[in-house]
Structures are given as C-alpha cells and as structure tokens.
Amino acid sequence: MDQLLQHLVNTLIMGGTYALLGIGLTLIFGIMRIVNFTHGELYTFGAYMMYFFATILGMNFFVSIAFAIAAGMVLGALIEFTLLRNKRGADIDTTMLLMIGAWIIFQNVEQLTWGGIAKSIPSPLPEQPLTLGPVSLSWLRAMVLVVALALIAATYVVINRTKLGKAMRATFQDSNTAALMGVNINAIYTTTFGLGSALAAAAGALLGPVFVVTPTMGDLASLKAFAIVILGGLGNISGAAIGGFILAFAEEIGAGYISSGYRDAMGFVIIIIVLLFKPTGLFARTERVG
Amino acid sequence: MKRYLPIIALLFFASVPLWLHDKYYLHTLVVAGIFMLAAMSLNLLLGYTGQLSLGHVAFFGIGAYTSALTSLGFSLSIFGYQITHEPWPPFIGVILGTAVAGLCGYLIGKLAFRVRGAYFVIVTVSFAEVVRLVALNWVELTNGPLALPGIPPLTLGFEWTGYMTFLSKAQNYYLVLAFIAFAYVVIKRLVYSPYGRAMIALRENETLAVSVGISVTRYLVLAAVFSGALAGLAGTLYAHYIQIIDPMIFMFLNTVTMVIMVITGGKGTLAGPVVGGLIFGIAPVILRNYVGPEVQWILYGVLMILIVYVLPDGIVPAIERWFNRPPTPAEKNGSSLALQTGKGRA
Amino acid sequence: MINPQTKLSAPILTVEHVAVHFGGLVAISDMNFEVHEGELVSLIGPNGAGKTTAFNVITGFQKPTQGNVTFRGTSLNGLKPHEVTRLGLVRTFQRTSVFEKISVFENVLIGLHRRTAASLFGTLLSLPKERSAEEALREQAWEILRLVGIEHEADELGGSLPYGDQRLLGVALALAASPRALLLDEPVSGMNASETARFVELLNKLRSKGTTIVLVEHDMPMVMGISDRIVVLNYGRIIANGTPSVIQNDPEVIKAYLGGGIKHA
C-alpha cells in the first residue's frame, strides 16, 4: 500500500510534465494537423536553455525557467514562420518530412553545441526530502509539480478565457470562416506553434534539473507526447492533461511491477491499443459521420 | 534506350569489383546496397500505396535478429519450459528472417491499416520502438545491449556443387547486387500487374478505387507483406555481413535514412530508391573527409527540407520530366528547320 | 420508352424500410422501392432530399440506421463497398471521379480490377498465362473506351480531360467493373446540350445490352425522356413512384417540387 502511494506521488510529478508536453502537442498536431517531430527537440531545447541560464549564466533558478520557456516559444514561432508558413494546406506527409528534417538538424546542432556528455543542473532547493507520512519526495520534484500545474491552468485560461484563445478556437473549427471574421490566420498559426513549443520547453526546463540533460533526451519525448495526444483525443486540451497523468501512471506501474526496462514501452503499447480500439481517443465525443 | 537502362546499370555495377579494389570503398557499397534494398522495400509502401511507414527499421531488424539467432542458436526458458535451438545453416536463417519479417508486415498491415495518415505513421513508429525495447530487454534471447557477436557469414551450395562462403567484400558485393536485382524484378512485376494497379488506385483515390471493387485491406496488407519481407531480407544480409548486431539496429535514424533515400530518389518510381540509395550510401564516404557525423546529419536534414521545397517528387521524376520536356526555343528552330527540309523534299 | 419486359422480370434491387439518421437529423426516413432487371429508374427530388445518401446506403458507403437493401437475392447489410461492387452493383460519384494523375487507359485498366485473372504467384514469375490475361484485359479496356467514345484520349491524364469527357471516363470506370446494375449520380450535371445528348445515346446503348440503371439527376427533360419509372424524394421521404407521365401529373410532386413547369418539358 505504501509502495502504491509512492507510485501515485511519482505519477503526479511525471504526469504534470507529460501533461505539458501533451497539451503543447495537441495544440500543434491536433489543431494544425502537423505531425510535429520537433516537439521532443523543443523539450530538449528547454532543458539546455535552463542549463544555460541557470548553470552557465548563474541566473535565478525560477527566472531561468521563465527564460527557457520564452526561448522555446520564440524557437517554435520561428519554425512555423520559416518552414511551415509556405506549406499551409500541404498534405500531412509533406509537413511531416519537413519536421523530421528540422528534428535531425536541431538534435545534431545541440550535439555540436553542448557535446554528448550529460549536463546536470543544480537546484537551489533544500536537499533533504519532504516527508508526508509514508511517502517522500524531494522539494525539487514538488516544485516541478506545482509549476507544471500552474502552467496547465494558465494555458487553460488562455485558450478558454482570452480573446486570443477565442480566435484560436475559431481558427481550429473552421479557418476559412475565421479568416472572413477578420482573424489573422497566419498570426494564429505562428502563435499556436509558439505556445505549443513553449509548453514542451517548459517540460524540459522542469525535468532538466530532476534528471540530466542530453542531446537525445527528446527522442522519446516526441513519441510519448503523441501517445498522450492520441489518448486524450486530437485537440482536446483537458484530454491531453488527463492523458499525461494516465501515461505517467502506466509507466510507473509498468516499471514498478513488470520491469524497469519496459517503462518507456508503455506509451507505445497505449498508442497501439487506443488506436486499434478507440481511435478517437478516450475522451472524444462521438462525431457525426459524413 | 530507357528499357535497357536497368540492364546497363546492372552490368556497370557488376564490373565495379573488377576495377575498384579498395576494401573500404567496397564495404561502403555493400552497406549502401543493403540500405538501398531496404529503401526499395519502403518505396513499395510509401511510394505505391502512399502509406508512410516510419517503423520500417523494425522489419529490417527483425530479419537481422531472426537470421542471426537461427544460425547462432539460443536457449531460453519461457514459463518454465526450456527451449533450445541448435544452430542451423545461415541460408535457412535468411529464408526464415525474410519470412518472419513478412509475417510481421502482415500483422502490422492487418492492424495498422484500420487507421491511416498520421495515425498510421505513429502506430508504425510505436511498433518499431516496442521491438527495439524488446531487443534491448529480452537479454536471455538477444543478449540485450551486449550485442550478438560471431554471426556466421552466409554459405551457399550443395554437397555436389561444393560450398561458397561469402566472406570477402567482393563476394558480399555480388551477393547484395544479386538480391537488389531480384528485388527490382519482383517489385517491377508487382507494380505493373493488376496488384500494383490496385495499390496505386488506392493511393490516388481510395473512394473511387473501392467503388470499382478494390479491397483496401487486401492490397495494403499485400504491400505490407512484400515490403516487410524485403526489408527483412535486407536485414538478414546485414547480419551475416557485419556479423554482429545490437539493438542500435532499430535506431529511428535508420528509418530516416531509408525515407530520405526514397523521397530524394523519387517515391513511387522503380529507380528512385536506387538513385537515392546510391547518393546517401556514398555521401557519407565523401563527407567524412570534411565534416564530422553531426554536420553530416545536419546536411541530411537541410537536404530533406530542400527536397520537399524544391524537388517534391524527387530526382528521378525530375530527370524524366527533363527528357520529356517541351523543346526549348533553340531546339524548336532546329526541328522546324527539319520540317521545312522534309516539306521541300516532298 | 417503356421497356416491355419490365413488368415481367423480378426485382433485382430492393430497398426496404431504409432510414438514415445523422445525429438528430433525418436524412432518409422509411424508404421503400424496387428496381427490376433491365429497367431505368430515376431518383429525383430537391437538393437535400436524400438522393445521394440513398446511393451511399445502397452501395455500402453509408450504414443505414435501419432497413435492408437486397441485390439479386443477397442482403447487402454490413457489406463493404468493394464487396457490393463485386456483386455487380456499381456506382459513379456526383463530383468528377477519375484517377486524375493516371492516363485514361490505365484508369480503365484499374476499373477492370474485378475481371483480373492473374494470380499473384504467376504475376511474380511472369508466366505466359498472366501475360495473356493482361493482354486480354487491355483489349477489354479498348472496348470500353470505344463504347464510351473517348478512345482518342487514351493517353491523356484523367484529370486533363474536358469536363464532359471526365464524366464519361467516370462511367467507363464503372462499366469496367462489370455492372449488372449501374448507379449514376448526376452524370450530366455541368454538361452542355451536345454532351448530354451524347450521354443519353450511351445510356441507350447500355440499356440495349440489358444493364439495369438507376439515375440521380436534376436535368428534368432528360429524366422524363429516358426513364421507365421515376421515384420522387422530398425531405428523405418518397412522395411519388411511377412512370414519367404519372409523375408529371401527380399533384403532390407538382406542389412539392416540380412547380408545374415540367409539363412543357
């Protein structure tokens, strides 16, 4: 029982960052229909930016997180602006090939810039763990969960309560009509990609200090993000948030009770099972056919 | 002329070991040929049915591991049962590896073609990752990250013909060349048959194809079986040539290499993956003199983006268009001159 | 124009109690009609009356909410579109439906898919039997192109044909699939008068070969001139079913749809 509680706490912490990754991708993949293989690279980028600001420049830990997120947003917007803007309406394979190309470039640029050796980011938070009854967790991990939840809430507010969010939702529903209503479609797409990328970078910036930072850390992140998006249903933000926690739970249980080697396999097993039995995701409403 | 081009190319490549004696270059060509074979198999799915399989390396790796384990033997216990396999001759491994990969193509086809487009891509990627993790973690069977060393080279022959072991670079070169020619003929006959027409019809307009009686599942699965089996064949050749394999064989970058070969050469053309395979098989040899592997990959990425923007159909269709293009003004003058003289004679 | 055999033959296609609901929207409610062997039946009605949905249900592209379609004694319930085609019930589509990037000749070869005799094994070995089967297939493709009258465009790309000829190619594709009954969805919409005349000629040729035809069409003069029987749909419901002269004088049809001008057609 205590062990299960500990697993649940771990689930919450990983789940928060997975939810960030998933929400970021569901905006881009679910709504722009871009199979975004750079998503994991943005996650890596966020982690390296965190390393750069916090460890190399020695800036304040929390300011560094904010800067890393901002850097991710700028890079994401740049990707959309340079690579995808001219390919609006192209088929899904075309944009996917562009994203694979960009992914290879980013990963190797990171390898060249930072080298292959893993970087660790020291955190200013207290070392000794926070003990709550039978479970214990580090202050760092608790901070990760709090910040992740805050960012999820902020995203939810932006999408559902602001004028920008309204324009985004209108564009996703029907871009032609939105354009007629005076929405600047290009700006919306760039913003969406930037916002999605910022969330991926946030996940990287938060997990970077927990683990270590390597150029290939994002490879699995892209695929896990796809798993979360599929689980939650395309373009469904709350679905992605819940999907993030489900994936984290499946991984925690898989690693805890089957074999730690198969931790990363859980996401793919989820993808395969969900797509085969409920391709619209777990939380999708049934849509009208035809 | 165009009809004989494949034969001329085959003769040219057959002559290569006669004048190229550098072992490293031959080795490069053998590996390039193996990946070319894998790219040709990918083209069957990506080019002719329009389904992008980004887990293609799974078939390649499954072929490699099956053939390696068949010829090395293994011993493992499942649910208390002890299973021991004594080593078999490598050529049986090649056949089994091809068959098992084809079977995986069948299963993946049956399951994955219920979803299309982006979802199909993600299912195939996931499949490859699961297979990689199994290869990494099922240590009893695969030796995990410690690799399977000492895979015997391929030996062919009968008692009455004597045996030939494919050890040298030149021998393996001819072996791979023969299989490429074989695969080329198989793919050509398939795509120019009613079977291939059905695949192309599904790619171009699925609703219309279905309305004339073409079964989606049947032909997509058929393509997946052939595609998987040929990729598996390439994997078996790789295992017996390199003689050591580890789970790194399932790297996503290997799939990316195949995809780049196909789209650069021209998807949906017979010659496309051959041309793409040559370019990206040889490019690393030239590039390594100037740049490190990271820069090389960056160049690949840049090239991929450029291809999508500049030559979306790939090199081969571009060359075909160049030859079939309407005559330029200068040539037009020439031809009208010929017409005039013709008239004059009449 | 009434085919004298019509009354004698048994129904080849039966639509019984078919209904289609999209969420709360009723596209078709309780539709019942029969088509007899060799007959030409037109399905008419205002836009949104449910004609194309009826076609989709009959050919397996749309699952009915309830009801049953029977073709030559076989229930089509749960069959996939390609299986319906295999039974000999072949359709065309409302919008131009040709393989645009493939030559006209290859288009028809694809349409001939059902008549392919080649085995996979023989194909890979390029056996003489498969090569002669391919030869025979090409001969049949020429026949169909000549029947439809676009053989001079065999080498053009499907998408590069003039609009009227694309419609003809669409019909050629359907004909290649060996239909016993042909369902044509607005075949002459967008055609000019001479193209329409040519198309009517083709339909008459097909009828003389005994092909059953179901037509969805807005071109009233053509429908009245060519049909054995007309089924009129309005708001997903059949409001009339009879010969052109009966339909022309049916007060409900005139009220709901035709408006009276039709008598002059």
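Letters are used for the chains, namely A, B and C, taken in the order the chains are written, and counting of residues starts over at 1 for each.
Here is the rule we use: contacts are C-beta pairs under 8 Å (C-beta built on N, C-alpha and C of every residue); 3 or more make two chains touch, one makes a residue touch a chain.
Just so it is clear, the model here is predicted, and its values are computed rather than measured.
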Chain occupying the most central position, where position means C-alpha average: B
Furthest chain, CA centroid comparison against chain C: A
Intercentroid distance (Cα basis), chain B paired with chain A, Å: 33
Where chain B and chain C are represented by their mean Cα positions, the distance between them in whole Å: 42
Inter-centroid spacing, chain C versus chain A (mean Cα positions, whole Å): 50
Of all residues in chain A, the ones touching two or more other chains: none
Residues of chain C touching at least two other chains: none
Residue numbers on chain A that touch chain B, as the complex places them: 29, 33, 35, 83, 86-87, 92-94, 96-98, 100-105, 107-109, 111-112, 219-220, 223, 226-227, 230, 259, 261-262, 264-265, 267-269, 271-272, 275-276, 279
In the complex with chain B, residue positions of chain C that touch it: 59, 61, 80-83, 85-86, 90-93, 97-102, 106, 109-114, 116, 118, 120, 123-124, 126, 130, 134, 137, 173-174, 176-177
Touching residues on chain B, where the partner in the complex is chain A: 52, 111, 114-115, 117-119, 121-123, 125-127, 129-130, 133-134, 136-137, 252-253, 256, 259, 263, 292, 294-295, 297-298, 300-305, 307-309, 312
Chain C contact footprint on chain B (complex, rising order): 186, 189-190, 193-195, 197-198, 200-201, 204-205, 207-216, 222
